[in-house]
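Next up, some structures in structure tokens.
Both complexes below contain chain A, partnered by chain B and then by chain C.
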Partner chain A sequence: MKDNQQLWRWTSLAPLLLFFGALALLPVANILYMSFHTVQWAEGVSTWTPVGLENYERLPKDAFFSIGVWNTIVFSVTSVAIQMVLGFLLALAVVRIKWGSTFYKTIFILPILIPGIVIGAIWKLMLDFDFGVLNQINIWLGLQPLDWTGSVKLAMPAIIIVDVWHWTPFVFLLMLAGLQGLPEDVFEAAKVDGTGPFRELFKITLPLMLPTILVTLMFRIILAFKVFDEIFLLTGGGPGTATEVIAFSIFRTFFFENRVGLGSAMSFAVIFAVALLVVISLAAQRYAQSKG
Partner chain B sequence: MLTIKAQKRLGGFIRHSWLMLSVFAILFPFLWIALSGFKREIDIAMSRISFAPVWSNYEELLFSKSSTYLTNFLNSVIVSFSATVLCVGIATLAAHSLRRHKWPIFAVSAILIFSMIFNMTPAMTLVGAWHSLFVKVGINNTLFALILVNVVLLLPMALWLMMTFMRDVPEELEEAAAIDGCTPAEIFRKIVLPLVVPGMMATSVIVFVFSWNEFQAALTLTTKATQTVPVAIAKFAQEYEVKHGAMAAAATLSTIPAVMLMLVATRYIVSGLTNGAIK
Partner chain C sequence: MTQLKSTKSLLTGAVAALALAASSAAAYAADVGKHVPITVVINQSPWYGPFEALAEYYEETTGNEVNFDVNPFPALLEKQRNSVRASAGDGEFDILATNAIWIPEFYHAGYLEALTDIDPSITLKEGVPALSETVYWDAEGKINSAESGKLMGIPLIANVQVLYYRADLYEEHGLEHPPQTWEDVKVAAEAFHDSPSFYGIGHQGNRGAPDASFNFLPFLRSHGGSIFADEPGGDYSVTINSPEALAALNYWTDTGTRLGPNNPGSISQGKLIQLMTTGKVGHAVLVAAAWTQMDNPDKSVVVGKVNTAVLPKGPDGDQSTTLAHFIGHVPANIPDDRKAAAAAFLNWFQTKEAQDKYMELGGISIRTDTLAEYGESDPVTYRWAKPLADSLGVTDIFYSIPQGSQIVPILELYLNKAIIGEISNEEALNSAAADIEALMNELGYPTGRLPDLQ
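Right, the complex of A and B next:
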């Protein structure tokens, strides 16, 4: 009986451990190992030369990587901030209407389910300089057509618009679930006391929603951090380095420049930064809980 | 001063207007690309609103000898379907094991924290390592390799979701079954599984969608024969002369699973997307 239990306990967890070990931990170790080498390919044979920390010393000086890091931060913060506000306003509207909420929910799910590449394709047609709908509207309004994806100034805002379109519905869904879970008696009491709508929003709804808001923020920042697909299709990281993001720098270094050592160093630096971020935020959460 | 009734009406009107505006903003780009799939290249270039619809883009995509789209679609179906079954199966077993089989707390935390870190990391960081691993094992550029990568990429999310669904299974039932002499495997199969089926459905829908949409690994780990739909669409846009019509048609067809799921499984999608976050 006891043996049976031990056996099942291990067999039920083993597949997960196997996958994580072979396809997540092992590759990370491999990346770490490769990052201390330069790898050269000649006639299908690779020669590995150990170079110590040279690849890491090159990271801050690399033209693409530091810009990629900065752009990723700018992109994530801006687009997630806009999505949080819009998503919250949409959820607030849906939770207070009497009919049609299922209809709105069904429509709003759509962008979440669509491949990032298709989102890129859709907006490639919408944002095209010559025949895109947005520029047609501009011309119709008597304005100058704008080179959305081809100009250094507009490329990042254009990508942010696309991301807001793509992910605001996700924020909406989580916020709506949060709003629907709030205790109703608090709001009834506020109504009896004659609390105005703005006071109710800032003094009651928002504080009660704080846990949902924080979790949504975390989920969104994770996904924003990984952005690649839409940028790959719309701007290819350009023009110049205007929309270069981390995932793109790594892709370029590995597959266009064939610098496996440097690419590995970039990869490991990113994994390390992410791990640090997770551990720090978990520690902060624990600290806050022990205080509260 | 408005009467309370008029105020309520005005509020409802403002809310519905704001929501309908958002519905338009979401649906218009979809309709535009769906229409573009029926336009000739010249109609697209002239941005004509009225045009004579043609099937040529779809015909070329589906029936021309040079097009690999049907193969790509089949690849996508095979990869997403297998990855979903494997991933949800592994996650369900593991979630039950981690919740009920008294693993030391540090081991459970270590697995969950690791899976969180792994989930936050862009897939691109590990593509190089996967590639060299698959070359060594001799399965590079195969659908099998892509399935394995999809499974591991989506395991953190599936595990996270199944852990929350598993919490709702009453522990007393399992204890009662154990007293009645059920083996752990029987308890899992006869008591736990039937209770978490809705949770597994929700998780499957989400995992399937994310796997269907996956691009970074598919782009770097496949060749023309094994590429999936997103890679095929990207190639239309990357060619020297962008084929907008074909790209639009390919993109429109690729949304079929998503639209079907949206129509039949909204409930599961919503519960899958919100459960892990809110509970």
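Right, the complex of A and C next:
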């Protein structure tokens, strides 16, 4: 009877699994296959030449890719760390206020509702050296205007600021949902025991929120690793290689330089790295749950 | 009063000539014949508006339908690639507005149909420039050649770089204009420069696709430098690190940083046009198509103050402007009736009558005779026309190899690093030469490079 049920479950799920499997795996398989070739178009037809691991061997030597990996890590770690702290603090503030929480929620989530291209346009204008509002404020304060997107020192921090502005609401929303779902009785008991607010935060709230924090962290790291629109719209990877990130290197290699073999190898390396991040995050989450 | 009268009579003459031209265009248009509807895939640009208006005029006078698929510039290439890579008969677009830097890839890949294979009577009409022979392609010899190649397309805009400068400031400072040499430009830029309220000159130092390299090329070539020793002759020895190239880069970075905006590494083409139209910069090397912004009171605070000139000469009198034109091409993978319709439109587009109408609609004619006539008949409104026509005599292509787009990011990176002062000019050129040589080796071209600059 149990075997029959299992069989029925698998039979009924199989078409859907196959469909989703094909949908998810076919493009990845295609990328993988392409990454072992160079593809050229001549006389209206494409010619695929097998090159073995050549495209992968080229990755560490590629001036843009290796710096892109480093910049992506710096960008992801910094911006996500700031977003996690800010998002959590905002959620904590909103969950505790007695009135106006809907108003604050609406205000805080606004940036996430704006399309990436509009965010790029808004910040491009705001960061403009000659006409941008930030430099107008600087001048008004008697300070020198800053070359936000054209200076090697400032370009990456500027991109991080934009990303924090864009994605903190996402963290805020998940944290808020997590905080609202925490059991009230634990906090009431703590209050009865005379627990102070800091002790409550570090000993009760944070441990209870750990699964939510890990899930949010996983989502944000994965999304940050794929950052493209802000770079494309604001700096184009420059100045120099100050804001070159992997996704932008892939875009240029694939679509501008038309090197689909090398671009595929870059893409597959990124897919592999992101998959690794997911595995690590899930393991961490499981560990946290087992401890909780 | 006399000037007013002569202007009035000139205008009357011009209007009469235009009316005549318009009626002959209508008469000619009737000869185009009936064709199936066509779709042009094109980018959103300052010249698109007049081009679309001209296509509407073609529709009105011939009854043939022209549709447009309009895209931002970065998206256009991929859209065209996807269309031309489809199976025979499945191509989506009938005319591709192909940019100069994509042409080598498209010709080498065999995506396009020669116009003369569609209609043997089509030729490049007198007065229409061949733009360094890029409208011709010899598929056997893999070269652009009017002699051995076939006519592949008709220029849609003869876009080349020209010098935009503030004529009013030249007059204010008692300087002769247009400037003849880069040295003249530097002297004027020094006189005008009053940072941060006004910059003497601006360069596209941004790392783009392309910005810095496209902007630097005319400086390089007018100083006697080049990327390769003899690209048309097949000698791909890298010469970007020559003393001549260094002199050009020294000029470019010196003027760009000392006499330019304080953010030279993030000046893109759009930003440079903005600086020009907002009255913040005295000189800029920009494409001719940017002119449509300069005298438009809705977009410019310097209406009537900006002039254009052929790019100035280098130390030895060399002059160069880089082609940034668009050619209307017909893909090979569309049905014959659509090929015929596309070829008929392109052939009509290059006629004198159509080009006169195009000027009337605010477009930038591809014909040197039209440019010269309008420049003479109204030297104020069309003061850009003669410099553009003259510039067509000193054009150079960015690159001719199909993998040229792989050279662009290398040049962009090192030129950007040089103008922001991250590395020295010598280091920038040596590094660019080393990377380009490695790339050319990898691609199987005969190559080498000059010894490093010290």
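One rule holds for everything that comes next: the second predicted complex is superposed on the first by the 251 of 292 C-alpha atoms of A that agree within 3 Å, B and C clash if a C-alpha of one lies under 4 Å from a C-alpha of the other, contacts with A are read in each partner's own complex, and residues count from 1 in each chain.
One rule holds for everything that comes next: a contact is a pair of C-beta atoms (placed from the backbone, for glycine too) under 8 Å apart; a residue touches a chain by one contact, two chains touch by 3 or more.
As the structure is a prediction and not an experimental result, all values here were calculated from the model.
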Pick one for A:G237: touches chain B only (first), chain C only (second), both, or neither.
second
Check the residue A:F255 against both partner chains and state whether it touches chain B (first), chain C (second), both, or neither.
both
Pick one for A:P50: touches chain B only (first), chain C only (second), both, or neither.
neither
With both structures placed on chain A, which of the two partners, chain B or chain C, ends up touching more residues of chain A?
B
May I ask you to decide whether A:A275 touches chain B, chain C, both, or neither, giving the answer as first, second, both or neither?
first
Quick one: classify A:D130 as touching chain B (first), chain C (second), both or neither.
both
Partner chain in contact with A:Q5 - chain B first, chain C second, else both or neither
first
Which parts of chain A are in contact with chain B and also with chain C?
130-131, 255
Name, in rising order, each residue of chain A that touches chain C in their complex.
41-44, 46, 63-64, 129-131, 145, 147, 149-152, 235-241, 252, 255-259
Could you please specify the touching residues of chain C with respect to chain A in the complex?
77-78, 81, 84-85, 88, 105, 108-111, 196, 206-209, 261-268, 275, 278, 280, 332-333, 403, 405-406, 408-409, 413, 416-417, 420, 422, 435
What residues of chain A sit close enough to touch chain B in their complex?
4-5, 8-9, 12-13, 15-16, 19-20, 23-28, 30-31, 34, 89-90, 93-94, 96-98, 100, 102, 104-118, 120-126, 130-133, 136, 165, 169-170, 173-174, 177-178, 181, 212, 215-216, 219, 222, 225-226, 228-229, 232-233, 246-247, 250-251, 254-255, 260, 263-264, 266-268, 270-271, 274-275, 277-279, 282
Can you tell me which positions in chain B touch chain A when the two form their complex?
11-12, 15-16, 18-19, 22-23, 25-27, 29-30, 32-33, 36, 44-47, 89-91, 93-94, 96-98, 101, 103, 111, 113-130, 132-133, 148-149, 151-152, 155, 159, 183-185, 188, 209, 212-213, 215-216, 219-220, 229-231, 233-234, 236-237, 242, 244, 247-248, 250-251, 254-255, 258-259, 261-263, 266, 269-270, 273-274, 277-278
